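Two complexes follow with chain A in common, the first pairing it with chain B and the second with chain C.
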Partner chain A sequence: MSTVVHRDLADELRLIGSYDAEACMNCGVCTAVCPLEIALLPRRLFRYVELGLADRVRDESETVFSCLLCRACEESCPAEVHITENVRVLRHWLLEGSH
Partner chain B sequence: MPLPTRDVIGILTDNLRLRGSVLPIPARRATRWARELDLPRGGETVLYTGMMYQLIPYIERLVRLEQRLGDSPLARFSGVARRVNRFVNGAALIARPSAGERAEYDRVPTNVAKLLQQAGVEFGYLYEDDLYSGALAHDLGADAVVATHAQRVARSFREHGVKEVITIDPHTTTMLRTVYPTLVDDYDVRVRSYLEVLAERAVPAQTQLSGTVVLHDSCVYARYENVVSEPRDLLATTGLTVVEPTHAGKLTWCCGGPAEALYPDKAAAVASRRVEQLGAAAHDCVTMCPICLVNLRKSAGETVRFRDISEYLVEAGGDHAKRSQI
Partner chain C sequence: MSERRIGVYVCNCGGNISDYVDVEQVVEAVKDEPGVVVARRAMFTCSDSTQQEIIDDIQGQELDGLVVASCSPKLHTFTFRAVAQRAGLNPYEYTQVNVREQCSWTHTDDREGATRKAISLVRAGIARTRLTKPLEPIVVETTPRALVIGGGIAGMRAAIGLADVGLAVFLVEREEELGGRVGNLGELFPHGKDGRALIAQLAEEIRQRSEITVFTNAELTAKSGTFGNYRAVVHVAGESIHLEVGQIIVATGFDSYQPEAGELGYGIDGVLTLPEWKQLLDDGDGPVIVNGKPVESVAYVYCVGSRDAERPYCSRFCCSAAVHASLTAAGRDANVRQYHLYRDLRTYGRNELMLNESRQRGSLYLKFADDDPPDVARTDAGLNVTVRDLLTGGEELTIPADVVVLVTGMVPRCNDDLVGVLKLPIGRDGFFNEIHPKLRPVETVVDGVLIAGTCQGPKTSAESVASGLAAVTQAAAVLKRGVAELDPQVAVVHSQACTGCAECVETCPFGAISLVASDGGEIAAIDAAGCKGCGACAPVCPENAIDLEGYTDAQVRAMIDSLLVGAPS
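Then we have the complex of A and B:
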């Protein structure tokens, strides 16, 4: 199975808004405190972006739009990533569909 | 099955772009709560509802319909519905809550206006220019539509000479206070929640209430706007015993409501878990956000009683006509 890498994906998101997921240390605190218990959100999703795996992000559209934006994850994030704003930027990117 | 996300979001954002609200309702409905208060029109300081509490019964009707449609073959025609909605305000035709349902949520802005008057705050109201803030569209990432709408709201503030806004709910508070300054040039409006205004005035309660309540913090108030101590300070004056649930203050647990527009079943699952946490602390729960109130109330049934904080504050403020047993 081949994977198309969209190398400029993270840069594209940074043009939309304040996207800072590259600071994520992949520690998993966000996943542990998520009220929706979504394993994907947000760290694996952010990794897909950093790796340019646009199709994986698109496939997880429902997960991205399920996020409550409640900031429970952000309150506990040791890297102080603005997780909810990153999710909002991803929503914008998915809605625009210009990719 | 949820309806196709793109079509639901498209209808909501089309409504905001074309009609000024994600769920457009007639101005006479949105302003009905103020009818007997004789509030002055406009002024430097205004009470701003953002229509949030007034919209809740309409949203509830639509969500119920959305759940029924999602399970039917009609779900395939959501794209057609979006195209029709551009010409006909479908939501206004479909969502028709009863007078009783409307009165339940209209009571909150009335309560807040009375509390501010009792505290000696002078304020006006913008009536039909008290517009929805765009909160849901912003959360969904529809940035261009929200930016245009924010300009419309800011223009209305300028035309009315508004310098200070007192908000009623957390979502409107964070939009007007934190998001709008990033979208509107020269936006110079002081925005405070009525909870902050009342806490600052520290008006003593006229009546001491009895009973035990558990406080449910709004995620947006606590984590976005740092409004944590104010509701506690205000409830402390009422005589009520306030207990904290598992997950309180900045570590509060979401009510699930933000997922309801797109994924009602996921919203219900989160609400159910929060109701358990709250019910373990007390039978009566105080909320401070319309989304939390309706979502938790719906999940709880009769197991936990949910009421807005303004109901308790009005009762303690001496409005005996509104008193009820805690």
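Then we have the complex of A and C:
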């Protein structure tokens, strides 16, 4: 099944707060340093957002909320993406959409 | 007994030779050969200390011949020629014997056999050296003018460079105007300069230099002559112009890959090649208009016509060029959505910064597998590109796009006539071939013919200019001296024995032999500057009237005889 790509989701998130995952270059350092070994977070998740795959993000809401916001990934990110802030924005968006 | 005073040096090569060849036994076996005065072994013959030892021997013992038995002559011939020269011995009185590649490295299982073979080879080397005579380099005066073929950015910059070192230049361009591909381009990376402006500036610089003569609508149709002195015929406006030049620089550029109809949707409205897209970006401002509509979404498909079965090479410039085009598009309309579908991205060097910037300005990068290219289809709303994105776990995604840009690479330009005239070597990728990509990057196997720019392989404009200037340096190094020294190991005719049968004239692959009048008849004469010393003429002469200096019949016979010493009869 092919999913149609759109960029509205990223734009929507930017209205909620400061969301800056577009600089992500998919290197995977974040995944490597995550103390919870959350494989999804954050690079795969951010790609779902950039590609507009809102359902995928919703499917993974458990994982989004399991993040400790410890900033280990953010400290290591070579593209200087504000990962924890992005996760906060995503949580906000998920909560807004739940009621 | 021989009158010669020969020194023989057998090398251990730090074990490379001595582990498999009994070097001491070799020295023992050859020290009493006729003519040998000194025979020694050395740990490393090429080391400074041993070189000095050889020089001391040559001077102290008044040696008139030198044999070094070590590695391949490809490695150290020039090293030991220089040793001879420093000691006051003619460099052609020296013979290199290869006991490493031909003995120790090949016969690691047979120390005795390897040693026996080494002894034979050294004996043969001594036999050759007994018959050497001093040779002097062939000195030719060179013509202080250069011919540049192709008036694109590389050729134009090369012409200016040659003029600035004081050489006269003929610049030949097939089209009506100078400028080539860059002359039609707008902003270029990495410097952000405008291609058209750059070419206009170079054209003005050329106009200001009286040393440069430009021929447009012109083509090279013939070339003859020998190293440093070539005669070129240029066809221009129905006329043939004869030019005398010392070096020729070929800078004939590239062609863009033209996708076949249907290849990734090429032929559908809105599916463009990178040069077509670049043209749209370079003209006008504000959002780009395609089919009467502003472009809101662009999908780039990378590696089109590169890195496939037919063209396995990477076209190098196109990743950076596509990223740069996307930045230009973002500059014209900040809201344009851009998707880059790539196999591998190589925005090498500082161009990585462009890639980062493009990401920050909203370009999204998706990676597809080599064997799973995207699909481009027309829909009512525009175009749909479907791709399996490896960076999102192989998710199949459909990207709606107004424009699909096929990032096409460079392909070799068809220049069969020029290739025929100059006998240019063509590499496996179809581009002209240099001798060595790093060590001799602008020289070809054809003496005096240099290559520069994209006729040699895909390059950015900046790299083309750099290679044009490299060709200038190479050409100037030859021409500014005014004379060139050529290897004297060439063929010579014994005029008494020659009957003028012209067998050799037919055989010479370099056209260096001709018949000249002599005593009422005709005999062969060899142009020493044109002769490459290949030796093809010597064996075909029915009268044995041709000898190759340094490898005369007498020398070769003596070598064979000494190789047969001790052989079972």
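Here is the rule we go by: the second predicted complex is superposed on the first by the 90 of 99 C-alpha atoms of A that agree within 3 Å, B and C clash if a C-alpha of one lies under 4 Å from a C-alpha of the other, contacts with A are read in each partner's own complex, and residues count from 1 in each chain.
In this section, a contact is a pair of C-beta atoms (placed from the backbone, for glycine too) under 8 Å apart; a residue touches a chain by one contact, two chains touch by 3 or more.
All figures in this text were calculated on a predicted structure; none of them were measured in a lab.
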item: Which superposed partner A:L68 touches (first chain B, second chain C, both, neither); value: first
item: Partner chain in contact with A:T3 - chain B first, chain C second, else both or neither; value: second
item: Touching partner for A:Y48 - first (chain B), second (chain C), both, neither; value: second
item: Partner chain in contact with A:E22 - chain B first, chain C second, else both or neither; value: second
item: Residues on chain A lying within both footprints (that of chain B and that of chain C); value: none
item: Residue numbers on chain A that touch chain B, as the complex places them; value: 16-17, 35-36, 61-62, 65-66, 68-72, 74-75, 88-95
item: Contact set on chain A toward chain C in their complex; value: 1-7, 22-26, 44, 47-48, 50-51, 53, 79
item: Chain B residues touching chain A - in the complex, by the definition given at the top; value: 2, 5-6, 9, 138-143, 219, 223-224, 250-251, 253-254, 256, 258-259, 262-263, 266, 269-270, 273-274
item: Chain C residues within the chain A interface of the complex; value: 337, 339, 356, 359-360, 362, 364-365, 386, 389, 391-393, 395-400
